[in-house]
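Next come two complexes, and both contain chain A; in the first it sits with chain B, in the second with chain C.
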Partner chain A sequence: MTIYSFWIFDRHCECIYHKDYKRPYRQLRSKPDLGSDSIDEKKQQSGGPPTGKGPLSVDDDAKLVFGVVFSLRNIVTKLAGEKESFFVFRTSKYKLHFYETQTNLRFVMITDLKVDGIRPILEQIHAGLYVEYIIKNPLSPVEHTNGVGVNNELFSLGLDRFLRPLSIFE
Partner chain B sequence: MVVYSLYILNKAAGLIYQRDFNESLKRLSSNDYLVLSGTFHAVYAIASQISPVPSSSGIEVLETEKFRLQCFQTLTGTKFLLISEPRQQNTDAILRRIYELYSDYVIKNPFYQIEMPVRCELFDRHLATYIRGIP
Partner chain C sequence: MARTPRQVGEEVWKTRIEKVNAELVTLTYGSVVAQLCKDFGNDYIQVNEQLDKMGYNIGIRLIEDFLARTNTSRCRTFKDTAEIISKVGFKIFLNITPTVGNWTQDNKQFSLIFDENPLADFVELPDDGKAVNELWYSNVLCGVLRGALEMVQTQVEAQFVSDVLRGHETTEMRVTLIRILEDEMPVGDD
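Presenting the complex of A and B:
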């Protein structure tokens, strides 16, 4: 059971916390370059396998992950009703687990296929770690723009201690 | 085994077939269905991009409390979306059987134009019989 990465998005649709545990392969993507070869760039960007010039930055990754999660939530809401959301989706190589609190705080975890039923773990992370170390922290601001206040040591250490026994890090 | 609905999307994310077999899910307007299929197609593509390991497919299964959505993408880019009850098993086998029915009664139909909306009576009939016959 391997955890690949963990994200927290706040209600303003920003990534306020992100942790990569195991990244065997970072997707390469071509970045829009202002220079010659603009035609080549366009050819590369319009579909086909990523054959990029630079690695996908964490920001881009966060935006893509959030976009996927947000759009899927919209689809589920349309089909099943206002209060519904999805727990998990699976592709051929990974699983993405999602948990949203009542305050629109979104927890996303990307793991391998062998993992099942990680929703209680995400709830625990929220209740036992996030609420304890971030919400109850008198010095942390109410709005965590750019992750201010979320990147404190107690939370990171607590998270590591909580997740490591559950998974195998190679 | 309860199947709620079936959607077929063509290569260009257009909805070419939509059928509800059960009244459990909300009834949406046809515009809503088109938007839904477009969104799903895009999300499918991005899901293979955010993968931490190389060469992942797009979304295959999506689970919620009320339903389970299974997607099967053929080699030609056509997507079959099956929405069923949450604890459904064998959605894989059901989708493959539907793909067989599709290739028999839609693709082999000489009057059917590829990538266009599916209006084949035989396909509808056989699909209804098959879905109703699932134990």
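Presenting the complex of A and C:
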């Protein structure tokens, strides 16, 4: 089981946090062989941001991911009523998990196919990390506009510390 | 959700809230108001406004904490919203449950009547003849409600209409629903 990437979008539809863990789904798109997995491992351990080597930049990815979850969520509520929301969708290669708070913060996690029912994990990221480190931090702005995003070390560290010991993170 | 707002409020209050000394809160809030009065040369209209602004900034953060702690599902009607505010919101943060009442016909306006108000313990308004008519001492609460509700797509106006500190019989806040906000759409991508 593995996590490919994690995204947070705010109510203004902007990507305010993004982290790539492994990204075979990107490689699948750009080149068919999966042989360079170890390189990805190294990159992830050094903690450096992924270099946009694929055909699309992280910004474009963010727009695509948001576009998908936003449309899907709107379709779901149109079909089944306001209270309905979607949790996950899968393709043949990956799963996309979605959690939206009532304040329209959207948490998205893309994982491989074996990961199941991680909604509680997304809820915990919101309640235990986002609220604790960003909302309750008086010096952290409430809105993260203009692409600055959540620039908060405690949150990033906390997220890492929270995710790495989990069985879904391998 | 099978449980009533009252039960949720009680449970969260008992199990998931760290308590602080109530007098600490009262005295801290008191010094804030006193300082504002000093800073604005006893222009109480301005003080009300500042308190409301401060409250708003508190509210837009507090709502996240509220949701994280209570797991409340979305309110279907404004009546539900009022119940949750009183029985869960005020309960878990101030340990009071103001009475909801005085609904207007169209269900868009209600009152919160505060039997007790921890912010105003020990308080006497200044004796300058002005404060009694102008200062809404607990105005921060109006801002908190406005901010918190705006974050859950509910735009309201909130103001006090009476206050025991001014010699009225009750402390009452009017909350008016302005509109339900639409979700923001992503900006067009050309």
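Observations on the model:
In the analysis below, the second predicted complex is superposed on the first by the 132 of 170 C-alpha atoms of A that agree within 3 Å, B and C clash if a C-alpha of one lies under 4 Å from a C-alpha of the other, contacts with A are read in each partner's own complex, and residues count from 1 in each chain.
Operating definition for what follows: a residue touches a chain if its C-beta (ideal position, glycine included) is under 8 Å from a C-beta of that chain, and two chains touch if they have at least 3 such contacts.
Model, not experiment: these values are computed from the prediction.
Within the superposed three-chain model, A:H12 lies in touch with chain C and out of touch with chain B [touch as defined at top]. Once chain A of one complex is fitted onto chain A of the other, the partner contacts of A:V142 are limited to chain C, with no touch recorded for chain B. Contacts of A:G67 after superposition on the shared chain: both chain B and chain C are touched.
In the overlay built on the shared chain, the residue A:N104 is in contact with chain C alone; chain B does not reach it.
Touching more residues of chain A than its counterpart among chain B and chain C is B. When the two complexes are overlaid on their common chain A, residue A:V131 makes contact with chain C while staying clear of chain B. In the superposition on chain A, A:E82 makes contact with chain C only, not with chain B. Counting contacts as defined above, chain A residues 67 meet chain B in one complex and chain C in the other. Against chain A, in their complex, chain B makes its touches with residues 25-26, 28, 32, 36, 39-40, 42-43, 46-67, 83. Those residues of chain A that touch chain B in the complex are listed here as 4-5, 22-25, 27, 29, 50, 61, 64-65, 67-68, 71-72, 74-76, 78-81, 84-94, 96, 110. Per the touch definition, chain A reaches chain C in the complex via residues 11-13, 63, 66-67, 70, 82-83, 101-105, 126-128, 130-131, 135-136, 142. Partner chain A is touched in their complex by these residues of chain C: 57, 60-61, 63-65, 67-69, 72-74, 151-153, 183-187, 189.
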